[in-house]
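In the two complexes below, subunit A is the common chain; its partner is subunit B in one and subunit C in the other.
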Partner chain A sequence: MIATDLVQVLLSGIALGSVYTLLAMGLFLTYATSRALNFGQGDFLALAAFLGMAGMLAGMPLIAVVIGVAICMAALGMLIERFAVRRIISRSKAGAAHLGWILSTLGFGMMLQNVIALAWGKSRYYSPPLFSSGEKQLVSLFGAGVFLEELAIGAAALVLAGTMYVLLYRSDWGRRVAAVSFDRHTAMLLGIDVKRTVMWSYVVMALLTGAAGLLVGPLSSIQSHMGMLFLLKAFAAISIGGFTNPAGLLIGGIAFGVIESLSNYVDSTFGDLYPFIIVLLFLIVRPMGLFGERKTDVR
Partner chain B sequence: MFANQALRPWWYLLVAVLLALLPWASPNPYYVNLAQEVAILAIAGIGLNILLGLSGQISLGQAGFFAVSAYGSALLSLRLGWPLAASVMLGVIMSGLAGLVVGSIALRARTHYLAMVTLAFGFIVGILAQRWTGFTGGSMGLVGVPPLNWGDPRSAARNFLWTAAALFLAVQITSDFVMQSRSGRVLRTISESESFAATVGINAAAWRVGAFVVSAMLAGLAGALFAHQSGYVSSDAFNLDRSLAMLIVVVVGGLGHRYGPVLGAVFLVAMNQAIADLYTYSNFIFGALLLAVMVFLPDGLSGLGALVRRKRPASLRRNEAGPGAPGVGDIVNLPLIAVARGEPLLQLQQVSKSYFGLAALSDVSMTVRAGTVHALIGPNGAGKSTLINTICGLYRADSGVIRLAEHDITQWPAHRRARLGLARTFQNLQLIGGLSVIENVMLGVPDRGGVVKAFVSWLCGRPFESEQRARARALLGFLGIEGFADVSPGDLSYGHRKLAELARALAGQPQLMLLDEPIAGINEEESRLIAAGIGRLREAGVTILLVEHDMPFVMSVADEITVLDYGQKIAFGAPDAVRANPVVVEAYLGVETA
Partner chain C sequence: MIEARGIHVSIGGSLVLGGVSVSVAPGSLVAVIGANGAGKTTLLRTLSCLLPLGSGEIHFNGKRIDAMAPHLVARSGLVHVPQGRQVIPHLSVEENLLIGAQQLRGLTRSARAESLEREYLRFPVLRDRRRVFAGALSGGEQQMLAISRGLMMQPKLLMLDEPSLGLAPKVAKNILAVLRDLANGGVAVLLVEQAALSALTVADFALVMQGGRIVLEGSGSDLLTDPGLVKSFLG
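== the complex of A and B ==
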């Protein structure tokens, strides 16, 4: 491998990986507040990517695109929490019913995916760049020419991720999330509006996903049914980094992005296969370890 | 559906005849084709229903198992010229092996982790099918796969339908039996609580993997049928959409219900016809359906029927108990372990257990003698519950030795200890909500095999598992709650639930019973009943170790008492001696009565 290639491959990996990190943070957040994940989150990402592309192609200024996508995403976040999650997690039925949220959010995602396919079809699209002037504008990094767009996207995603950490650890909202995550009922007794906290966590999840969608457009081609693949990759980031520690999400996301990028560079036919195998291996070796010690469910 | 279970074989025969007549009943060959699709989907659906509806494990990668067998059977028959019966069989076995691998991984993952593991599995198989073109033909497909037509191309559609329908019926009958018999109860139990399952002797890990293997084999059977249906296999058939279609079949039909998969399969195929013109909206429609069913109708189409009938699901309806109910003596007096009364039955030697460096038990040694009632007391946080959990195997001791009769059980998993005759009740009751009271008690009855015999009895419409049922009923009678046998445990009062748990613990014919706070939260009348019951059990030769806070109760039933404080044994002896022991009074009684 040529050294300049390596720099480019690593940068691509980091840029994509930081997008996975944003998705993973969304998963982390809703799991913390509601013990449920949005299995349609990948489709949220796809919708944001397509909306972003449409906005840019229509010549809207970047800021207008960002605001438009954010409004759509926030609304979807509220909708999915209200209609696909709230009733199911409050219904405390044991057995298969505790998996209900997987199926309901999956259904929500399928609906979104269909909407995208209706508007844009099922073919592959390439989104125009958000930050750089030309598609292949190069800048010099460590003596190697790299794409400015990827550099900017990686930076933007990392700034967003950093903002999330500040919010989680330094804001009132972050403290409420931590309290609800620790124990719903105790949080309620402490005067925290649990319902609201949960709802807002879904809104923030949707916003993070929206940002990831905007940023992923220029990085890779987009397709109406790309969602599940990205959800799986975000989950891979989580399984590498750990679910309990938000800092792990960053490490995990970037690690997975870099692995994927290297794997695609080395083997262009089956390159996308190896990362999944790595995820499986991770889940075998460190399964519940991600959540800490396995708990006994009886007393 | 069987008002009278004696009609069961005739009912199945009727269904078989109707299925056989189906080709003539259909107005044109197109409907024969639809019926084939229903049969294939229903077979795969039954597999997923056992996995998700019964064992509570999700799979978003059933298409992977479907594909393994489809390619396996197609390639074996196409390239090596194997007869279809052999190639299909081997294909199904290959899917089963894939299920074994995924199921073993699944042991280490739950809920959404499992969803992701199976999703990843599906993607991996999908990518291989698509890109490994030299082997699979990729999306261009394998052409010329021998069709399953019994060597008669002119009646191909009819012959295929007969094959698929016969296989479907066989699978449906087996699934019906599973749902009504011990296997179904075990799977529902695991789905609600694996730790609890272990304490009644269920090897939860083996059952979970088993459910995966069965569901993979059924998905594989469906896949093999699919491969030989049209003679053309393309990788496009094995994407995520097919996994989702199987999920929709079982969810819409009704998770955990006997006829859920076939209802769902008919629904999906009919729906696909009805909305053929709206093909571009199909994901939207099915997504909305999945969402709506999960939110408003968790029991799917099967739940609709129940709404009208207001009855418990058919699978839970009671069967008649056979004659020859055993007496109390028969119930409890089965010597699994031969230990003479008064000799040590359970021995703990310097058992320690700590959580994250915090010692919950330190060097606890104690002996429970056979045929005695031994009480374990101590203030809150003394380590009583930890000790009980360490004895029954839910926790593993950090150090020390635990012996039951002549066995060193220190390293044994909980289910093995339970099978040795160690039964327990729980401080927070553990009754399985998806089962009736008597079925909960039957969980405690040891499994002595005889599945084939039970299956034959069941299929012929005769009473089956009648011995277990009779024993459970007798125990409920013994405890005075026989009238609640067919009720859901959630509908019982707290005291009655405690009694039902006691009945379940007794059903295992235990040598040692661990009772965790047997009278907490129940009224005096009921606690007198329990005290009397404990006395009778002791007479029958059962050894009891109980944890309880109620001092008058403890003093009245116990032969010997061990006192714990801060994880250490501070006293041991007869009730009077313990009551007079100044250390105990200071540590415990003194504080309590002050």
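== the complex of A and C ==
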């Protein structure tokens, strides 16, 4: 591999990987507050990607597209928490297995997937670039020409992931999430509105996923049923980093993205396969992930 | 301050509290003692509205609270320090102290800083360890943190569930002395303890629970010499 290619492949990997990180952070957050995950999160991503594409193609300015997608996603986050999660987790007895949310969130995602298929069909689309004049616009990085779009997308996703980190560790909201994650009853005794905290965690999950969807559009083709694969890759990122702290998710996400990018460079036919094999092998050596502990860091 | 009348609570179809009444006035320390499974913890969880009431009434500060959400009850000044300390292990000592106070609307930043300073004076070890994760503290330090965290919420009534459990006798004694001081300062304190004798020595009034009912009540000093106390503990 020549050096110029290497820089480009690494950058592509980092850009994609940071998108996986945003998804993984969404999973992490809802698990922290509600001990449930949104299995429809991949479909949230697909919907955001399609809405973003539609907005850009309609000639809307980027900021309007971002705001529009954010509003839709926030509303969906509230809806899924209210109707597919809250009643199921509040009705389950402590300690009893309660996995109804797997089905309800998956079903919610299926509905979104079908809405996308109804509106746009099942074909593959290419989303217009968000930040550059064209997909192939090049800038120079370490002496190598790289795609501006990928550079900007990677940077945007990293800034978002960093913002999340600050929010979780430095804000009152982050401390509320930590308290709810530790124990709902203790949080209530501290005057924390647990229902509200959980609902907001779903809204933030949906916003992160929406951002991931917007950013992924120009990176790869989009399709109505693309969600599950992305969700799987977010789980792979979690498996590498360990489901314990947001920094691990960032490293896990980027690692998976870079491995995927390298693997696609080496073998474009089965490029998607090798990263999963590597993750499986990795899990045999380190089942808890890089930063895994027996006890979850509550944030 | 708090007045609960005829509380009945069932959990999973079995009656855990059968007609318990309790009241605590400002400035007094009331102890609830009894053997394991007597219903003491359930009583506190019911008073802080974590558990739904089967029948009965709970009035706090002149307002009926038994249908209120627990976080609003806590914000109104009924503060419950639960069993097992329950400090949040991955937050620092100072973050633990601030988290409850931060939920109080209308509490200014400077008032919060003042409360923090007051708690650091009460338990100087917390100041020394304010940047440490709460999970790394010893049992005694965690109990101090749990009490201080509760006090940061400006309680009118402070309820504590077995604060001396698992602590060295000297530390336990120190904590009971702090509770006595708080009561002398005007806070209503409701203390649940299995260590009956030490609780009775600091309490103004005490209730003995057995099988979800109050079987004996009287002033702390009277109960210390009551032959019925031993009987109710040993059956």
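Everything below uses one rule, namely that the second predicted complex is superposed on the first by the 276 of 299 C-alpha atoms of A that agree within 3 Å, B and C clash if a C-alpha of one lies under 4 Å from a C-alpha of the other, contacts with A are read in each partner's own complex, and residues count from 1 in each chain.
Here is the rule we go by: contacts are C-beta pairs under 8 Å (C-beta built on N, C-alpha and C of every residue); 3 or more make two chains touch, one makes a residue touch a chain.
Everything numeric here is computed off the predicted structure, so don't read it as measured data.
Asker: On the superposed three-chain arrangement, identify whether subunit B or subunit C touches more subunit A residues.
Answerer: Looking at subunit A, the partner in contact with more of its residues is B.
Asker: Which partner does A:I284 reach: the first (subunit B), the second (subunit C), both, or neither?
Answerer: first
Asker: State whether A:L229 touches subunit B only (first), subunit C only (second), both chains, or neither.
Answerer: first
Asker: Would you check which partner chain A:S123 touches, where first means subunit B only, second means subunit C only, and both and neither mean what they say?
Answerer: neither
Asker: Who does A:F182 touch here: subunit B (first), subunit C (second), both, or neither?
Answerer: In the superposition, A:F182 contacts subunit C only.
Asker: Just subunit B (first), just subunit C (second), both, or neither: which does A:L273 touch?
Answerer: first
Asker: Who does A:L190 touch here: subunit B (first), subunit C (second), both, or neither?
Answerer: After superposing on A, A:L190 lies in contact with subunit C but is clear of subunit B.
Asker: For subunit A, what residues appear in both contact lists, the one with subunit B and the one with subunit C?
Answerer: Dual-contact residues (subunit A): 297-299.
Asker: Show which residues of subunit A lie in contact with subunit C when the two form their complex.
Answerer: Result: residues 172, 175-176, 178-179, 182-183, 185-194, 295, 297-299 of subunit A touch subunit C.
Asker: Note which residues of subunit A are touching subunit B in the complex, please.
Answerer: 31, 37, 39, 83-84, 87-88, 91, 93-104, 106-115, 117-118, 225, 228-229, 232, 235, 239, 269-270, 272-273, 276-277, 279-280, 283-284, 287-288, 290, 296-299
Asker: Which of the residues in subunit C come into contact with subunit A in the complex?
Answerer: Listed in rising order, the residues are 48, 50, 69-72, 74-75, 79-80, 82, 86, 88-91, 95, 98-100, 102-104, 149, 153.
Asker: Across the complex, what residues on subunit B touch subunit A?
Answerer: 52-53, 56, 58, 60, 105, 108-113, 115-117, 119-121, 123-124, 127-128, 131, 188, 191-196, 199, 240, 244, 247, 251, 255-256, 280-284, 286-292, 294-295, 298, 385, 389, 394-395, 426-428, 430, 433-434
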